[in-house]
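In the part that follows, the structures are each spelled out as structure tokens.
Paired with chain B in one complex and with chain C in the other, chain A is shared by the two complexes that follow.
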Partner chain A sequence: MLRKAMGFMVSNPLSGVVGVLALIVVVASLLSENFLNSYNLVIIARSLAFIGMITIAQSMLMILGELDLSLGAIGGFCGVIGGILMVKLGLNPWLAFALCLVIGALFGLLNGLLVTLLRLPSLVLTIGMAGVYGGLNLVITKGVAITGIPADIGFLGSGKWAGLPVPFWIMLLFLIVACFITLKTPFGRYMYAVGSNLSAARMLGIRADRVRLGVFAFAGFLAALAGMLMVARLGSAQPSIGDSWVLGPIAASVIGGVPTTGGIGTPLGAIFGAAIIGVIENVIVLLGISPYWQSMVSGAIVVIAISLDSISRRYFKRD
Partner chain B sequence: MKIVKASVVLALGILASAGVASSALAADGPGTEKHDSYRFVVVPKVVHPWFDKVNQGAQQAAAAIKAQTGSDVEIQYSAPQSANVAQQNEIIERAISTRPDGIIVDLLDPSGNRTVLQEAQEQGIPITLFDSINPEGMNLTTVGSDFCEQAEMAANRLIELLDGQGKVAIMMGVPTAPNHAERARCAQAVFDEHEGIDVVATGVDNDDINTAQQQASAIMQANPDLDGWVASDAAGPVGIGQAIKEADKVGKVQLVGLDDLSQMLVLIKEGVADSSSASRPTMQGYWSVINMWQLATGAITPNHIDTGNVMITPDNVDSFVE
Partner chain C sequence: MAYLHVDHVSKRFPGVKALDDIVLEIEMGRVHTLAGENGAGKSTLVKILTGTEKPSRGRVMIDGQDASSHDHLHKTIAYVPQEINLFGNMTVAENLFMPFSRSRRGGWLFKRRELERAAQTWLDRFKIAASPGDKVRHISISDQQLLQIARACTNESMKILILDEPTSSLTETEVERVFRVVRDVVASGCGVVFISHKFDEMFAISDTISVLRNGRKIETRPASQLDDRQLVSLMSGQEVKTDSRLQPEGGSGEVMLQVEGLCGKRFEDVSFALRRGEILGFAGLVGAGRSEVMQTLFGFLPARSGTVQLEGAPWRLGDTHYSIRHGLFYLSEERKYHGIFPGQSVRRNIGMALLSTTARHGVIDARRERARVGDIVRDYDIKTPTMNKNIAFLSGGNQQKAIIGRAMACDPRVLIFDEPTKGIDIRTKMEIYRLMKALAERGVGIILVSSEMDELRRCANRIITLYEGKVSGEFHIDQASGDALVGAIHGHGGGGHAA
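Let's look at the complex of A and B:
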């Protein structure tokens, strides 16, 4: 039994990142008496929910060998569109919510079309598209938040179910969906094939561009979902929503075993990576570390986490 | 005799009870609760030199309370890395989970911060706001100056310098920051009242000195006959001043700055800027902590503590240099 468990740990690609997360949680709980209190665990879960949805999206794109740096901007812009639909146009909040998810998917699809049709590198293209979505956001709002979001959808952002925030449950649901797609369907296998070697995948008859378009659209959908849930949480559509959702999800995915070169890793690993970053950011504030040191400390711990995982991978040959 | 003794004991008992009750009432009165130590968390909008001055004022107040009462006051300064409401809310939430005696916040957006402030109140943690306006339906003490008055002071000073005639530009700060937007709006309103003043351009610097410099350079290229500048944030005038120096327009283009960052004071001393309309961040930090301490002692605090604005000119600039 013990040998089986050890064997599983050694052969499982996630054991490194889970081990690092467990270590950080233990250290955090020893350093701060407030770390394990229920209120703090709820706020960790809530912040993980929002960044987690973008991380799921980004990790799926990274499995393909792509990146979308406009996901935060899509989330923010969809939140503002949702605010306009609900407050200025008086649309039913649930209908507006659903419409924004469709619009988010279309924005993602547009990114995918530009990448596949124009054969542009997704990194460069989506930097530009982030400017387009973020710019449109400012043009429409003039930088001013849209207030008066109907209370009907407030539960989605601020509510709790079984003691945990509703956005966390929604993130878990989409994590299961993403893992199912990537690990259990032919589409998922095509994703890994495209990410490993695009030319070889095409030669095998895989419609690579369709796969890429599908993932870009799904990523846009998840970004819009995160944006709309944040609108529900804040009770206002803030033009700044999504500003901090750019680099964190990429770092989380890399920590969780999804390299930017594509072809390996899972959304589940990426979520563990996001949890590591979330716990570090949480405990840094709990310990009262100076804000001028926070980025350095947080960055250094992330580098140590990646290094530990990489060393353990090489040692145990888990890849 | 027994009845007399019993009556005396009863009377003494009643008197003693009354005495205890009255002294208890006195101890429970406003501002009479004493603690050996206090811990207040200061959450500014973002990591920024202006907020370092707020923190400095907060530390001064902590030292003053310690000197006067003997109680230890710990100030925990916790700033978001970027000016983002969601990120600021997370910082406030994390502060709540440490159960401080109070949280002092500069709100990025009252509507967006409202939910988390309510959470703090539900947890019984008092809040003081600085440099902010109250979210709708909340009645928290605010400490700070009048943003509109600050911008009007700068705009009127520039009009005076230009003798009521000329082309001017306004540098906006972060478009999503309500205080920056209010200052820009108020400066524009003052200029609109003067027929001889023409606002020919508006820049956006996102509270960043380099961006302000680039924007100011471009605007001065496009408007070679520009006569003067005002700004809506602390970083803006520093960048504008550098652009004026680079374009060799010192003395030809007037600059009335905002706030009292050290670079701003240097620009005034060098003669690049005429003056600066400054709020008093150190005083805001100081009085926020004093208000928080008063709340912790059970005192009833005012709705607003006005720390005022001051015009820094070459005559008084030395008194602001640390």
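Let's look at the complex of A and C:
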């Protein structure tokens, strides 16, 4: 029994990232007595909720071997569109919310169409599209936040359920959806096939372009969801929402076992990766380290985490 | 004492003993062939000789010294891998001398003219037609193959040259070019380790043959004291029945697949008909366009023009999804690039084609998948510790069996085999031949693209030859003389249309 459990832990690709997370949590709780109090855990859960939704989206794209660097810009732009619909046009907030999710999915789909039809590398294309979405955002808002978001949707962003923030539960819901799609459906298998060997996938009659379009659209949807939840939480549509959602989710995915080359890993692993980054950033704040050091420390820890993972992979010759 | 002495070497990987107490001597000025089935341990042994893997037990003696404590000794052993491993976008000369420091032609500056002049002497010696300034991706496959060998030989300290299936993507005339080079290298005093699955080649070139089986060395003998039969039984540990004729009976059924005037990348106006119950062979030189025709028919490559009918119904080109759903399946010669999903388990690799039967209401039934994949693993005798093993770690033959099993699960009406036995041992080869025959007799249309004349003569009922993208002949197997076939392959005096 114990042997079997040990074997499972060594062979399970998630055990590394879960182990690192556990280690960091233990160290963090030793370093700061405030770390484990419920107030702080809620803060961590809330920030993980937003970055987590983008991480789920990005990790699914990365399984395909694609990237979308405009997810943050889509989130911010959809938030602003939602603000305009609700405040300036007086639309029913629920309708506006749903509309924005559709718009987000369409933005994602547009990225996917440009990648598949024009055969553009998604990395370069989405850097450009991030400029387009982000630029439109600024043109429309002139950099000024749209305030006066109806309170009806406020609890989606700042409410709590069972002690944890509502956005966190929503993120968990979509994590389950994403894991279900990737692991239990034919579509998910096609994602791995396309990411692992595009030619072989086409040779098996898998319509790679459709798979790509589907995931790009889903990623855009999740980005818009994160953006709208942030608007609901802040009570205003800030044009800067999503600015910090670009690199963290990619690093989180890599730490969680989804390489940028695609074909392996799961959204669940990526969320653990996001949790590692989230906890580290939280601890840096708790310890009162100068904000000037924060990005350097969290960057260095990302490098250390992926190095440890790579070394352990080589050492155990895990497949 | 021999230059290279493998002294009781064993190698363990987690869960497998890849090599078990190997003793081997490789001498200078001779060709030593390593024979063995897929997974016998040849590749692991080569990795140990070149120093990329360390033995778990035993040692490798090079020039009388223990190689583990004298790392530089491994540099005297040059290795040419089976796959083409060149920089396609760089010139012939650059590829030959990369990295430049090794040939002391670098210095601080890159001197193109000097480099190309030096390259020319190597090209002359190896009779490579390309010029030093050509981009490698523009030269022929056989020139690339020779260039790889030439590159290994630019290593001035080379004493032993290891060639891992250097002929697997070459046709018979091109093989002779490689052999000339091998004889030249041997004449210059170096030793050659040769790995191949083709018996005629082994006997043509080797002085000594060593047989490996399941990680053990079974036998080392002078090539002159062995014949095909003995070699087969040494390699497989049992008598393998090698039938000389494996054509399906009949083959005069109605036309299943009718191709008219198909044009595409690198071929023009190809027309042919496939009859029910026959195996239709396609012969030609590397680059004659055989794979391109088949991949276009399958929808993987775009067609410029042409019409196709399958069982009387019009056929849509350019969509692999359509092709597979309507019963046309293509098995590529490029297992690595077109076949397997590396990093995925055997189960997922095979399961990928079973999803329409293992998924219910859009959800994959894991138990069902495990059962169906288990059946295929058993039926096709795929050797893997568990079906959850990463397929990249299986031997080439077992990967091929997995790919064939996967295709068969889709119940194809027409199956195109493109070099199905490339890099595959004799026993698995025979299994594949018998499988093709059985399928054809069950009414599946079979097209066999092959560079091995022996394979085509053994299996096909009719052979179509392609030369530079055009059909150059069509032969009924009973009327195909060797000369006429070879002539048609080389574009001389078009073969008699004896359909």
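Criterion: the second predicted complex is superposed on the first by the 319 of 319 C-alpha atoms of A that agree within 3 Å, B and C clash if a C-alpha of one lies under 4 Å from a C-alpha of the other, contacts with A are read in each partner's own complex, and residues count from 1 in each chain.
Quick note on the criterion: a residue touches a chain if its C-beta (ideal position, glycine included) is under 8 Å from a C-beta of that chain, and two chains touch if they have at least 3 such contacts.
Nothing here was measured: the structure is a model prediction, and the numbers come from that model.
> Looking at the superposed three-chain arrangement on chain A, would you call chain B and chain C a clash or a fit?
fit
> Who touches more of chain A, chain B or chain C?
Partner touching more chain A residues in the overlay: B.
> Looking at the overlay, does A:Gly263 come into contact with chain B only (first), chain C only (second), both, or neither?
After superposing on A, A:Gly263 lies in contact with chain C but is clear of chain B.
> Using centres of C-alpha atoms, tell me the angle at chain A that chain B and chain C span after the overlay, to the nearest 10°.
So the angle at the centre of chain A is 140 degrees.
> Is A:Lys184 in contact with chain B, with chain C, with both, or with neither (first, second, both, neither)?
second
> If we overlay the two complexes on their shared chain A, which of chain B and chain C does A:Asn37 touch? Say first, second, both or neither.
first
> Identify the partner contact of A:Ile153: answer first if only chain B is touched, second if only chain C is, both if each is, neither if none is.
neither
> Based on the superposed arrangement, let me know which partner A:Cys100 touches: chain B (first), chain C (second), both, or neither?
neither
> For A:Ala200, using the defined touch cut-off, is the partner it touches chain B, chain C, both, or neither? Pick first, second, both or neither.
second
> Contacts for A:Tyr292 in the overlay, against chain B (first) and chain C (second): which applies, first, second, both or neither?
The first partner, chain B, only.
> Figure out whether A:Ile250 sits in contact with chain B (first) or chain C (second), or with both, or with neither.
neither
> Which of the two partners, first being chain B and second being chain C, lies in contact with A:Tyr192: first, second, both, or neither?
The answer is second: A:Tyr192 touches chain C but not chain B.
> Determine the nearest approach in Å between the Cα atoms of chain B and those of chain C after overlaying the two structures.
Comparing every C-alpha of chain B with every C-alpha of chain C, the smallest gap is 36 Å.
> If I apply the document's touch criterion, which positions on chain A are contacted by chain B in one structure and by chain C in the other?
Overlap of chain B and chain C footprints on chain A: empty.
> Can you list the residues on chain C that touch chain A in the complex?
13-14, 298, 300, 320-325, 330, 332, 334, 337-344, 348, 351-353, 355-356, 359, 362-364, 389-390, 392-393, 406
> Can you list the residues on chain B that touch chain A in the complex?
Residues 47, 76-87, 89-91, 93-99, 108-109, 111-112, 114-115, 123, 174-178, 181 of chain B touch chain A in their complex.
> Can you name the residues of chain A that touch chain B in the complex?
Its residues touching chain B are 32, 34, 37, 39-40, 43, 46-47, 50, 138, 141-145, 147, 158, 230, 233-236, 238-241, 243-244, 281-282, 285-286, 288, 290-292, 294-295.
> So in the complex, which bits of chain A are touching chain C?
On the chain A side, the touching residues are 184-186, 189, 192-193, 196-197, 199-207, 263-264, 317, 319.
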